[in-house]
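What follows is chain A paired twice: with chain B in the first complex and chain C in the second.
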Partner chain A sequence: MKNKEMIDIDMLGQVCPACLLVALKVINEHRERLKKGEVEIVVRTDHRDATRTIPQSAEAMGYRVVVEKVKTCYEIRISS
Partner chain B sequence: MQPQKEKELFKELEKLRELNQRYIHYIRQKVNQLLEVMGTQPLRPEELDDEILLEFDPIGVVAGAFHQILEHLRETVQELKMARDELHAIFNATGVGISIIDTNFRIIRCNEKQRQMLVSEPSEDIRGRFCYEVYCYKDSPGLDCPAVETMATGKPVTLREVKKKDRFFQVVTTPLKASGEIRGVIEVLIDVTEKKKAEELMLRTEKLVSLGQMAAGIAHELNTPLGNILGYARLLEKDPSLSEKQAERVRIIAEQANRCSRIIKGLLDFARKPEYERVNAKCDLIEAINSALSLLKKEADKRQIEIIFENGELPSVRGHSREIEQVFVNIILNALQAIGRQGRVTIKGSVRENSAVVEISDTGPGIPKEIKDRVFDPFFTTKPPGEGTGLGLSISAGTMSRLGGGIEVENLKMGGAVFRLIFPLTGGSER
Partner chain C sequence: MFITNLYLIFFLNFSMGVLLGITIYRSDYCMAGMFRDAFLLRDFTLLRSLHLFVAISMVLFFTAHLMGVLPFYPPPTYSLPSLMSLAGGFVFGVGMVLAGGCVVGTLYKMASGNLTNLIGFFGIITGSLLYAEMHPFFSHLYKTYQIGRHITLYDLSPLAAAAFVGIFVLLSTVVFLRWKKKGFWDVRAYAVGYLKPWKAALIIAILNLLVYLLSGWPMGITTGYAKLGAYLERYLAPGHYSHVLFFHSPSVGIHTGDRLITGGAGAAFDIITAQEVSLIVGILIGSFLTSLYYREFRIYGLPPLRQTISAFTGGMMIAFGARVASGCNVKFVLGGLGLISFQAIMFVSAMTAGAYAGGIILKKVVLRV
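This part shows the complex of A and B:
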């Protein structure tokens, strides 16, 4: 398997609507490569609400979403 | 600039600002509406100021997200439709009958196989009708009904053997649950008639084998003393000092000992193991039947019984001619004896996919139900003592099973019995 490009979005300190909008914007921009499995988007957030809204929307778009708690924040991994 | 002009411009600017505020307010309102649809809270002005709001284009972002969501939905619907079509095809193509029944015992759906097996009228719409009415011809669910038990306990139930429409079925009921509650029962029906027949045949074969072994043992033991009796009787017969009456009695002894020998020979034939060359030989069925008929012609004429033979272009089969001919003699003779006097024996040949079938039917009284299972047992006979040994049919059954074929018997609706001899065809699938 070839190496995937990782796109990191650092949303630490930001609350939900903005987190979601930024995540959606990045997903929209990379939709073709995301679908092909060439990239994976990692959203780092410390806002709990975002761990619900971002996976919900991304799953509705048909992506695979994994949420992990890492030390002081959450990592939301979005891939095809 | 003139003060008047400046004042007008300021006024104009104020108006534009107001208009701008209204547009921004409208955009924020719509963005919040969209965010609510996405399941999140409204944007606070301090999160994105007016300038960044426009630059960030939240409506465009959400529209893009919606576009992807719709696309994914379309794909999902397409996949679901395909899965539904596949499921429907499998539902109807499977070899078992499947019905889905609701908690009121109404049929929600059933597949084609179930229809073929249990519904008399193929075109009849049975959806919404009571299962006990359509499948069991009752006006309420029976006490032994597995669906009743599954609905009460929520556990699957298997009934090993249920007889419906002269066939045997295995019935399995499994609960259909939705969010933990029983919504109905899935009933699966498997036709086990052929399996049951095969099991019965195996049982009969096993019985025949063990009886055969026993018979062979006894026959062997008896042969020597019997030979001595016969030998000494023949010797004594020639003794000139015997009176005529005594000589007659000795002849009877010899005759009877001879008869015993024949019975024993029959027993040994019955118990004989297959020989390789015998199995590899070929036999023309039409020839074998014709030669059996020529042997029996006298007997049939004496009894005024007509024999009809429709050969159905029977082919050659694997097996030794003399043995197969003997099977035909046994079965046809049995038919003649069953009729007694005046009647008809019909021999009908046909070729199926992997077998040649010869049906021998008579116009006799048929076989009483209580002895139907025993007609192939050795020494079982309904004839008066001295007329039959009770070995004919069991020897025939033994021969047929050695050839890899079979023998079946049933009563005809219009009276009489039919024996069906099934010969496997060489080149066909061999078991």
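This part shows the complex of A and C:
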């Protein structure tokens, strides 16, 4: 099985809604590779509402989303 | 049941502030986000809950008035609308989006360790101090461009107000039931202890009614920020402070029996300290403790430079807009819409336009995405 490339987006401490806008931009930039399963996007955020908005948007685009609390922040993993 | 003991009002509003801090932190009930995301992302999730909040507030305020339990109707902090309500509302709307939070959002986010919002907080204090220098000019403008002769729709016609409340609540209920069918109230987030927005709306409406019943008028906050600035200015530049008119003229005065209770932005313990500074401290403590409880408190460092500048500038615009319009979103959205105040309707309309403009600036200039 081929290893997936991880794209790490660190949005900790940034202004709202930078997290969602940047995540959407990166998803669109890597749309083809995401769909082929070559890449996984990991968004790290301290914004609680981003745990609603990012999964909602990514799931609506047909991606798989897993959210996990890691220490004091949240990791949102987006893959196909 | 209006309480005249300022220390008791301080304690009660502080307690309400703590509960408010817990509620808004858990639900991430960001009003800047509600308006911004509706335009920027076509996401109406939080705005729907605000619609619910306004409908509940309208019913609660009107019923409480009919029962004769409200101390003042309209509250003494409300006045005739002015064209400056529009100007201030627009500036406020742009500011809250650039700062990443309104006057309440800034508090609960900075209490969890977010430095962007701490910068926004200092922007609000700085903006309040700058406004203080120009207060006579803007105060004159507000009075010059005042319009109408009535503060609320009830003032104009109690019958029209009753009909408006009835129709608004009826139509809203139909809409709410449709949204329920579509599952719009069942909002899902993965944050620990997440409180659904409709529950937050209900809790905040009840807290606001309690504040109104016990301490004279619904929640307000921005004069409290100005008062914090006044203490700072009195400490750093006492000579200059003593000459600033804004800090030496009360913004509210109430006769209760043979007693006159006054309050303003000056560095003194008065009704504004009891009403508003107490809320600020309460929200900070409530949200700080909640962030500790959910193990989310952490300082992640400064944001990128453009966001830092945006947060500070936005904070200053929040303060300026609120002072020019004689109130902020807490006063006019959380209180004024439920009271059907003309000032509130004008402020909120302009604030909505400001949030739209702020969203474009944030996206194109600050974040460049």
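The rule is short, and it goes like this: the second predicted complex is superposed on the first by the 78 of 80 C-alpha atoms of A that agree within 3 Å, B and C clash if a C-alpha of one lies under 4 Å from a C-alpha of the other, contacts with A are read in each partner's own complex, and residues count from 1 in each chain.
What we mean here is this: a residue touches a chain if its C-beta (ideal position, glycine included) is under 8 Å from a C-beta of that chain, and two chains touch if they have at least 3 such contacts.
Keep in mind that this is a model prediction, so the values were computed, not measured.
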Practice problem: Following the overlay on chain A, give me a clash-or-fit verdict for chain B and chain C. | Solution: clash
Exercise. Tell me which partner A:Val15 touches in the superposition: chain B (first), chain C (second), both or neither.
Key: both
Practice problem: Answer with first, second, both or neither: which of chain B and chain C does A:His47 touch in the superposed model? | Solution: second
Quiz item: With the two structures laid over each other on chain A, which partner does A:Ala60 touch: chain B (first), chain C (second), both, or neither?
Solution: first
Self-check item: Greater chain A contact set [chain C / chain B]
Solution: C
Quiz prompt | Touching partner for A:Met6 - first (chain B), second (chain C), both, neither | solution = neither
Quiz item: Between chain B (first) and chain C (second), which, if any, makes contact with A:Lys25: first, second, both or neither?
Solution: both
Quiz item: What residues on chain A does chain C touch that chain B touches too?
Solution: 14-18, 20-21, 24-25, 49, 52-53, 56-57
Self-check item: Residues on chain B engaged by chain A in the complex (per definition of touch)
Solution: 35, 38-44, 47-48, 56, 58, 61-62, 64-65, 68-69, 71-72, 75-76
Quiz prompt | In the complex, chain A residues that touch chain B | solution = 14-18, 20-21, 24-25, 27-28, 31, 49, 52-53, 56-57, 60-62
Quiz item: Inside the complex, what are the residues of chain C that reach chain A?
Solution: 25, 28, 30, 32-33, 36-37, 40-41, 43, 45, 100-101, 112-116, 187-192, 194, 295-304, 307, 310-311, 362-363, 366-367, 369
Quiz prompt | chain A to chain C touching residues, read off their complex | solution = 12-18, 20-22, 24-25, 46-49, 51-53, 55-57, 67, 69, 71-74, 76
